[in-house]
Amino acid sequence: MTSLILSTATRFLLPLFLLFSIFILFRGHNQPGGGFVGGLIAAAAFALHAIAYDVKRTRRLLGIDPRNLSALGLLVAMGSGMISLFLGEPFMTGQWLTLSFWPVGQLEIGTPLFFDVGVYLVVIGITLTIILSLAEE
Amino acid sequence: METLLAFVVGGLYAAGLYMMLRRSVLKLIIGLGLFGHAANLLIFTMGGLTRAQPPILFGLPADAAAGVADPLPQALILTAIVIGFGVQAFALVLIRRAVQAVGTDDLDQMKATDT
Amino acid sequence: MGLVSAVLSGFVLALIAPWIYRIARGATGWLLAIFPLALFAYFLSYIGAVAAGDVVRVSYPWVPSLGINLSFYLDGLSLLFAFLITGIGALVLIYTGGYLKDHSHLGRFYGFILFFMASMLGVVLADNTMGLFLFWELTSVSSFLLIGFEHEKESSRAAALQALLVTALGGMALLGGFLLLNQAVGSWEISELVRQGDAIRTHSLYIPIVLLVLAGAFTKSAQFPFHFWLPSAMEAPTPVSAYLHSATMVKAGVYLLARMTPALAETALWTGTVTAVGAVTMVFGAAIAFRQSDLKLILAYSTVSALGIMMMLLGVGTAGAVQAMVVFLFGHALYKGALFMLAGAIDHEAGTRDVNRLAGLRSAMPVSAAAGLLAALSMAAVPALFGFYGKELFYESLAEDYLMPVLLFASVLTSMIFVAVAVLAGIKPFIGETTSSAKQPHEAPISLWLGPVTLAATGLVLGLWPSMVDKSALLPAIHAVLWRPVFLELALWHGLNPIFLLSMATLASGSGLFIFRSRLLRLFSWLDALRDCGPRNGYSLALAGLNAAAQAQTRVLQSGYLRYYLLIVVATATVLSGYKLLQDIESLSFGRLFDVTFYEAAPALLILLAAFMATRVRSRLAAIAALGVVGFSVALVFVLFSAPDLAMTQFSIETLTVILFVLVFYHLPRFAILSSAWTRARDTFVALTAGGLITAIMLKASGVELHPKISTYYIENSVPLAHGHNIVNVILVEFRGLDTLGEITVLAIAAVGVYALLKFWPGKTETR
Amino acid sequence: MKIQLILPLLIPLTTAILSLLAWNWSTGRRAISVAGAFLLLADAAWLLATVWDDGIQVMAMGNWPAPFGIVFVADLFSAMMVVIAGVMGFAVAIYSLVTMDRGRESFGYYALLHFLLLGVCGAFLTGDLFNLYVWFEVMLMASFVLLALGGERPQMEGAIKYVTLNLISSALFLAAVGLLYGVAGTLNMADLAQKLRAPDDANLVTTIAMLFLVAFGIKAGIFPLFFWLPASYHTPPVAVSAIFAALLTKVGVYALIRVFTLLFVQDIGYTHTVILILAGLTMVTGVLGAIAQNEFRRILAFHIISQIGYMIMGLGIFTQAALAGSIFYTLHHIIVKTNLFLVSGVAHFVHGTYDLKKLGGLYKNFPGLSFLFLIPALSLAGVPPLSGFFGKLTLAQAGIASEQYVIVATALAVGLLTLFSMTKIWLEAFWKAPPQLPTEACDAKALGSRAAYYLLLSPIILLALLTLIFGFAAEAILVVSLRAAEQLMNPAEYIRAVLGKTS
């Protein structure tokens, strides 16, 4: 299942896909997108890699078991919600930090973004778990 | 359009149910898939349909904001879609295992666990 | 507090009895007997006060929310029963030590029997109907455990089950009766209920109350047609038969009716039912007892008969009848307990209980023979033994009302049989020529004869000097039932009145019955044919019927066919909600049907078309494709109606799903048409009905908007408070972030599941 | 802000995640699981105490006010349910230490157990209808995997029915939520309660209510929607059966009670009568199903259905006393039924079978276990003074007070039949001599060590003790149940707690 064109293309496409997925992730708060779709795109990139090479190489490339990735994602999502608990506010209360990059502008960073990152990680994790283990069958 | 969609939803439910009443386990899961679509469309319809005014306020003048589509059903459906995907993925693999274990996709052969 | 600990300490002792046995071994019975003896002495201390008309009542709130108190009540009736329970209980404990010597479960046996003793005390002392019911059920449970004591015997288990089911049936009825009583008068306390007798008798619930309470009493006291469990219960070790199934537990029903007499009696319903059932039981039990040859069965059926006598007397309910009932009850407990214990001792020594094979044991077992003689004479109601008084009063009470010749006739007949049976069970084994038996009989050890000798001797002593008990113990019991002053003086000699003559005639003809027993049995042997249509068979039939009905129902409902399950579920939903919808079907709104452009209608129609195709196609790939088309068209609808996030997600998910479908089902065969045309027509109908229902609900609901939607809040606050412009996304990660947390959890679990299903299954040995 | 209200969510979730991450470390997983279960129990008790002392607790997630955000609400009913879920989680977590096989352990069993608890606690605590759907799905997904984990053929067959029927339920639930949103424009249950109180179109609301009844009825296992339960409950390892028996149907019961006291009281002449009729039919069909069985676990599974009837009966009668009876009964039943499953597991451990024909001799060889069986078995049958008696008594008394004699008679008669099938187990598995002597492999030694046996018995003893406490100290439980029922019958308190100002 190794096609030279595909594997070469994948080598370029993979980082592009990943960048794009992160873009979609962060843009989600204001434009269509978000952690879920972003995660799917990233997962698709790795799936493509698995098709181009083989599952073993993809697993090595990932460096982390996708199951752990989804567990970590859950942990991130939950953790982002727990920050507010320590401040005496209800679970998942958004905490916002406004960073000024004068003169470029301001960047608002908040726990909901971390939450979305958690979603992103979970989606990558589970999609790859399913696809890779199906492919190994 | 709501009325039309009401019929579409009813049709989807009917088709999904009919599929589930067949003996093939594959038809069963396709039926479940149709059910999922039906439920999503139902919520979408019941939330009220709005044309070409997505609930995205980016660059939207303040007075236009009031007319955007109801975002809540959309959020609900999104959650439902994703959950449905997880369930369906699992159900698919389950059925594959079941077919392997029983040796057929005929549901009538899978009744050993009832009395 | 004394009464409470008198009842409850027995339970504690029951719990530790097995451990006591481990230490004390052979001496356990003697040691444990101290407990009931102490209780006996304790109750004895009340005898003066109770005879003087005092009652003791203690009450502690237990479940006040339901009005249930832990309340106990000691009056003459309770006291009489308490004496029987503790007195005979002590003897039975000693007897057990000899009878079940070295049995591997003897420790448990002691525990059970003490448990029973405490429960039985609870029954007779409880003042709260729920308390009474509690102990009542505990006696059933302990009876179950004791009857099934030889639990590896099939017959023991069956008998235990039978006894439990019959008495629990009654218990259920009794609970119902008590519930209704509480509903009628608003009290659980018996002492309150008996005061409200008039209110109860005129209450609209009176008839069900009486029938339910009677059902409870009749099952417990083995009245026809519920009597059959008692003979079966003879599977139990003999101490159990002597204690539970003759002296105490089976009298609980009698106790209950006596107790409830002031509250419920003196109506035609009560008198008629109780008298009739008692009389039938009396004659029936006696007749069958006469036919038996197993010592224990003879005694069991005669117990049934004796219980019938007591019931009948309660039903008659006159002062004389109640007097007779109490005196008879007391006498019966004495002689029947003795005879049962003797039967056990004989079985133990001679190795058989068959009266036809037993004879001549007097020389080997002189003490037992003496006890047997005394007990049998008491049962036969020979003057100078206590049994005599019960019989005299019994005849007297029926004779005093000349309207009861039938009852009197039946009673005389029964008493005749009692004479014969008494001789058969208490005397015959000891007289005549010794038969060759497998075992060389010896006198039983003291633990085995102490009980019968004590009881039989008591019968003799009290028979000679009845004044020892008549006013102190028996009269207060009678008062407790009648609630009016009566006079009781038991005397050996009343003069040569007709009743005395009748008694003598009974004795003579009863002896005749004994002598001609075998001939009579042959004469009536044709009655054997009736054996298979008794209530016992009713029980078996009911059990078999229950099982058959259960099997049939389960086969039909839990058929194993998933599609039938689905059909039923969907039909239920359709009927339940359709019923309400149909009530105003005319208000469906079709208003916005034509408010649609072509390019909007196209994806909608495509969905319908694809869904239809999915049901028709025969190739699995085509079906999957059809499903995909539905999904993508739904996404199109989302695009058209301002839901870009939804559309995006739907597109990507749908793609992924189709890939998964193909991956998973690549190797499956084509669909076969597995169902008949009729089935498909039926399914089509059901499916269209259910779908139509949903459409109808939607049409109806889209015409209704009761309240403005809450969405304006999100639109207004998304940017200022939640720092986001994509409201859907803001809802997902902020306003309703918890949904999303749950959603990704579902995904994570699904992944665990998929992984486990793919990597871990029986065919696959590799783990991890 | 009361942190104990959110911890029933965070503790199981954290536990589950940590168990997932520790997939390579068996001891760690076990320790995490037991510790997590214990913490959940402790927090649940804390929560219950708080609710008892300070009234209904509310936490608005993300600090978004109701009805716009999702709120967690703990009234006494939900707090009691969370406590009982904690007890069950703890008991089963310990029981699993001995009975769960290595394969399942390493494929995520402990994580799934706590995911299940997460879904259950979330469902008990959420005050938002759609959020309830989400927690239902979490619970269901975890139960799907638990049921199928191991991949044996009976598991697969049972799982297909289980999954399908439960997905139908979810689909109905989702549709009903959509319809209700279309009509009332909100998802918060307190807000819905207010808006549905006097709707212009009661028939439409009732129609939707019936969809909820069927959706939750499937989960609760009421007649005629219970088919998934007997088809599947006896297929997985017994610890899984036990936790299923403890919690799954009860979440359905909880949801039924919640929505039919808070939301759908417009037409109780129809809705609650339907519920009452279904309750009676559920009792009867369930117990008859049990009588027809000859296998320890299958008998128990059918009895769940029968007992669900009692829990629904109080809802159908719809008085405070009746609801208190339902709540009491539910709590009692969870303890007792789980315990029976645990005992059946020990029997299976000893003899390698659940078949009553092949079982026997337990009374002779395991007297302690036998008496531990008797406590829940007699309690289930309603023998006083055990917990079941007070549950039945409360319900029966409430039924008679409402003059619902038929259902009371049914309830009492079904109690008798329950006793019958419990004695059947007793006679066959305990009293009967074993058909053949247990082979060396199946003997008590198969349990490993004595310590393992006692560890196995410890949750059984714990639950038996609870049964006794529920009996002897029935008053304490009843008082709380009555107060909980009062909160359910007068939703004003709930609505005020969630929405702040009164309606």
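In order of appearance the chains are A, B, C and D, and numbering begins at 1 in each one.
What we mean here is this: a contact is a pair of C-beta atoms (placed from the backbone, for glycine too) under 8 Å apart; a residue touches a chain by one contact, two chains touch by 3 or more.
None of the values given here were measured: they were computed from a predicted structure.
Chain centres defined as mean CA positions place D nearest to the mean of all protein CA atoms. Each chain gets one centre point, the mean of its Cα atoms, and the points for chain B and chain D are 28 Å apart. Centre to centre, using the average C-alpha position, chain A and chain C are separated by 63 Å. For the pair chain A and chain D, the distance between C-alpha centroids works out to 37 Å. Here the spacing of chain A and chain B, counted between their Cα centres, is 25 Å.
Of all residues in chain A, those that touch two or more other chains are 30-32, 36, 67, 71, 74, 78, 91-92, 94, 126, 130, 134.
Shared interface positions of chain D, defined as residues touching 2 or more other chains, are 13, 20, 23, 61-62, 130, 134, 137, 141, 144-145, 148, 151-153, 160-161, 164, 168, 175, 179, 181-182, 187, 227, 230-231, 292-293.
The multi-chain contact residues of chain B, meaning those touching 2 or more other chains, are 20, 28, 38, 42, 45-48, 54, 56, 58, 72, 76, 78-79, 82-83, 86-87, 89-90, 93-95, 97, 101, 107, 110-115.
Taken as a contact graph, with one node per protein chain and an edge wherever two chains touch, the assembly is complete, since every chain touches every other chain.
Those residues of chain D that touch chain B in the complex are listed here as 130, 133-134, 137, 140-141, 144-145, 148, 151-154, 156-161, 163-164, 167-168, 170-171, 174-175, 177-179, 181-182, 187, 227, 230-232, 234-235, 292-293, 298. By the touch rule above, chain A contacts chain D in their complex via residues 67-68, 71-72, 74-75, 78, 82, 84-85, 88-94. Against chain A, in their complex, chain C makes its touches with residues 644-645, 648-649, 652-653, 656, 660, 663-664, 722-726, 729-730, 732-734, 737-738, 740-741, 744-745, 747-748, 750-752, 754-755, 758-759. Interface of chain B with chain C (complex): residues 1-24, 26-28, 30, 33-34, 37-38, 40-42, 44-58, 60, 65-66, 68-72, 74-79, 81-83, 85-90, 92-97, 99-101, 105-108, 110-115. Those residues of chain A that touch chain B in the complex are listed here as 30-32, 36, 126, 130, 134.
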